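Which chain is which? They are A, B, C and D, in the order written, and residues in each are numbered from 1.
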Amino acid sequence: MSAGGVQGEATIRAIVEKGGKVIIFDINEERGQAIAKELAGSVFWPGATDVASEDSVLASIEKGVKGFGNISGVVNCGGIGMAQKIVFRNGEPQPLNIFEEVVRVNLIGTFNVCRLIAAHIIANIKASAEKEEDPGIIINVASIAYTEGQAGQSAYSASKGGVAGMTLPMARDLAGQIRVCTIAPGFFGTPMGNALKESILEKHMIHPYRMGKPSEFAHLACAIIENPMINGEIIRIDGAVRLGKL
Amino acid sequence: MSAGGVQGEATIRAIVEKGGKVIIFDINEERGQAIAKELAGSVFWPGATDVASEDSVLASIEKGVKGFGNISGVVNCGGIGMAQKIVFRNGEPQPLNIFEEVVRVNLIGTFNVCRLIAAHIIANIKASAEKEEDPGIIINVASIAYTEGQAGQSAYSASKGGVAGMTLPMARDLAGQIRVCTIAPGFFGTPMGNALKESILEKHMIHPYRMGKPSEFAHLACAIIENPMINGEIIRIDGAVRLGKL
Amino acid sequence: MSAGGVQGEATIRAIVEKGGKVIIFDINEERGQAIAKELAGSVFWPGATDVASEDSVLASIEKGVKGFGNISGVVNCGGIGMAQKIVFRNGEPQPLNIFEEVVRVNLIGTFNVCRLIAAHIIANIKASAEKEEDPGIIINVASIAYTEGQAGQSAYSASKGGVAGMTLPMARDLAGQIRVCTIAPGFFGTPMGNALKESILEKHMIHPYRMGKPSEFAHLACAIIENPMINGEIIRIDGAVRLGKL
Amino acid sequence: MSAGGVQGEATIRAIVEKGGKVIIFDINEERGQAIAKELAGSVFWPGATDVASEDSVLASIEKGVKGFGNISGVVNCGGIGMAQKIVFRNGEPQPLNIFEEVVRVNLIGTFNVCRLIAAHIIANIKASAEKEEDPGIIINVASIAYTEGQAGQSAYSASKGGVAGMTLPMARDLAGQIRVCTIAPGFFGTPMGNALKESILEKHMIHPYRMGKPSEFAHLACAIIENPMINGEIIRIDGAVRLGKL
């Protein structure tokens, strides 16, 4: 199961290629439906989901389970960006609701999906007769801005720092049942990534000298899913970029 | 200017000892008033402040400035703890409002104070005739749980990971005007710290073999305030503790 | 191409399974020869190699290239461990030669192989007609002790901290030609890992509740080799272990 | 006691100002003697010391103790820089002896001083009647290049990554007796720092918009010496610089 977006889409395709089944949790009706249609039988669209809403996620889990059976993992790709200085040029402080909204979707939304899916997976583990060694997996998505946020990224870095920070305690809480990892992408060729100015890429990219491909993100997600020893870790995938001064 | 608590109180005392003046931002009426009374002339109590509320912080800044004049820095000590597994023993997921409340006070509250104080300081810088080299300072308080959160600390670690994550982008946003640093304490002898079981301390403490003293937190805060080259950094003060398995 | 050991052996097998060819660089004659015999045609044994010696590595590269053709990557698994307090119980300081030997093999040896292989790969890139996007790869092996070294691990942590520290500058030096990553394993079931007391594992392991398998190390190494966007990164594979107090 | 250099000199002056006494360990005869002459009574010059040599450091400790009495701490400022790509433009690999020399002075030299001073301090603790809470202190000096080394800094980053990596295990080894911390400076106005091109500073500096002053390094060193709760920590002092792409 995988929440949407361009990187989400690539992950869905990669999982389906390996024989997996995916339920999409995304607020964007159009894209989700299109993928589910194309990959019918392997991908399920439960209707638009707001990751930050208990009711919405619970409803989608229920529909998904009815459609496809029990869920054994999640890749939390949903997220929003926002670039605003903490104090504007005119001297006004950044309105609090910008910060609150980024934190609501990226951090609270991620945690909300984690706790509901985790409870679902654990219920299945308890119900199942045989004990698997590696029953469940949660992969959250931060950003390299979690530790090197640029000017204008206080809100985004706060939300992603939060995602990074809760990786280990969630892995500890869920030990024996669900692994928890976080991927921290650099610049990727997605709507979010493409909005970046060419000049900024030139300033930062090392090798490869291009933005990341969603398929590369998906490759890493699969490598984590397949490897039972990777747990509690935050992995950068960024082509050796470090976010220096703008 | 310094927001409350035991570590806050020690910081207030340390700043006052060095000749500074402090305005308290804390939701706890009793403690704040008591300190302000004891150290009258150096410490101002603007009434109870909720760090996460725009109105409340704005009102306290206004009263504080009327009472004591312009503010040049803040030590954001306000915070709450909370230990709850992401999925309870009975299989229920952690209610979302626990997570939301910890994030609201520790992360959104910290950012709220930062943005309002920053706008205030910048307004003063623009208004002032002479240009100081190091006009303002923000010190936020995370916890070593920002990176090594224990079982039960998802919410707390998320909030503190957020505080850590926004340190650098805030420092970048405020370059030329305000430095931004974060202190990450280990176990400290405060109401929050004392709640820890002796056995846990034995399990973790290295050297010194005791909890930290609020005066040591305050010493570090002053060392950061006084040193114009320390900026954008997260500093642990924990007696070499690393939070291993519980 | 891959330097030896148990984790090295698993990596060799994984690479060979994917159709790759491997030249072994290891000081241990017996083990290297045995694998090369078993997997003849895919694995080449150039004779014993001391990673820290220029002559030895150069000779093995030369023999390897004659036997198997040009080399396009290296997994630097060679390493030694050593646990000694910095000051012994009897008050004597740790002899300097212990520290020097660990640093010589783990840090200087790793760098020595990197620089010689890098020069070899770059020479081939220059000589070749067509330009590949991702021509070469270096994977070094640190340890989670690089950042959380236990009592007795000053020398080992120093050597592994050095390996971790040079990851990014090497990736920057070699941009456009060779990616450089580092794997930081936790407790693995190898001669080095098995020497660990059961009690210590109980103290640290979270999930999975066992030591890592060399095949899991190998899986991660392959995931890095295959993913052109992972560069300059240090990846822990440790089952969420954090090395707390002993 | 403090090993030399510009940052060392500032630290010496700061310690002497606070009433402390210092023995200089530096290979540079001229500078050491000059300071010792100027600050006679507070600063002792035992003759040139090579930090990487057992005999040399032992001899200087002995002379220092004879001159000034027992030593209770060290600030390990000695170090060398070196910028060389891992493979030169002409295709030649970097000669191994460059790497070896940087590692010898910065890493092995630092460890050598640590172990000999630690043994000396511990001997005094055992001999002394009363038990102090915080008997000894070691401060080593890394660089922000320990984690964000630039192109050309493999050797330097390896040596400084090693210094960073051994901080915690040394603190654990010496628990109850000696605290161990590391300072990681950014660009400082010293012979080493001044060699940096103005253009590079413009590219990196945030706030303050200048190189660090040795007195600021010294201020941080004193803050660590005075604060018994800071242990096992690596502290950056860099004006919020992050070393992005050159």
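Everything below uses one rule, namely that contacts are C-beta pairs under 8 Å (C-beta built on N, C-alpha and C of every residue); 3 or more make two chains touch, one makes a residue touch a chain.
This structure is a prediction, so every number in the text was calculated from the model and none was measured.
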item: Chain pair with more C-beta contacts, C-D versus B-C; value: C-D
item: Furthest chain, CA centroid comparison against chain C; value: B
item: Whole-Å gap between the CA centroids of chain B and chain D; value: 31
item: Separation of chain B from chain C, taking each centre as the mean of its C-alpha atoms, in whole Å; value: 42
item: Centre-of-Cα separation between chain D and chain C, whole angstrom; value: 29
item: Residues within chain A bordering two or more other chains; value: 148, 168, 172, 174-175, 206, 241-242, 245
item: Complex contact set, residues of chain A against chain D; value: 148, 203-206, 241-245
item: Residues on chain B engaged by chain D in the complex (per definition of touch); value: 133-134, 168, 171-172, 174-177, 179-180, 186, 206-209, 212-213, 216-217, 219-220, 223, 226-233, 235-242
item: Complex contact set, residues of chain B against chain A; value: 54, 85-87, 91-94, 96, 99-100, 103, 107-108, 111-112, 114-116, 118-119, 122-123, 126, 145-166, 168-170, 172-175, 245-246
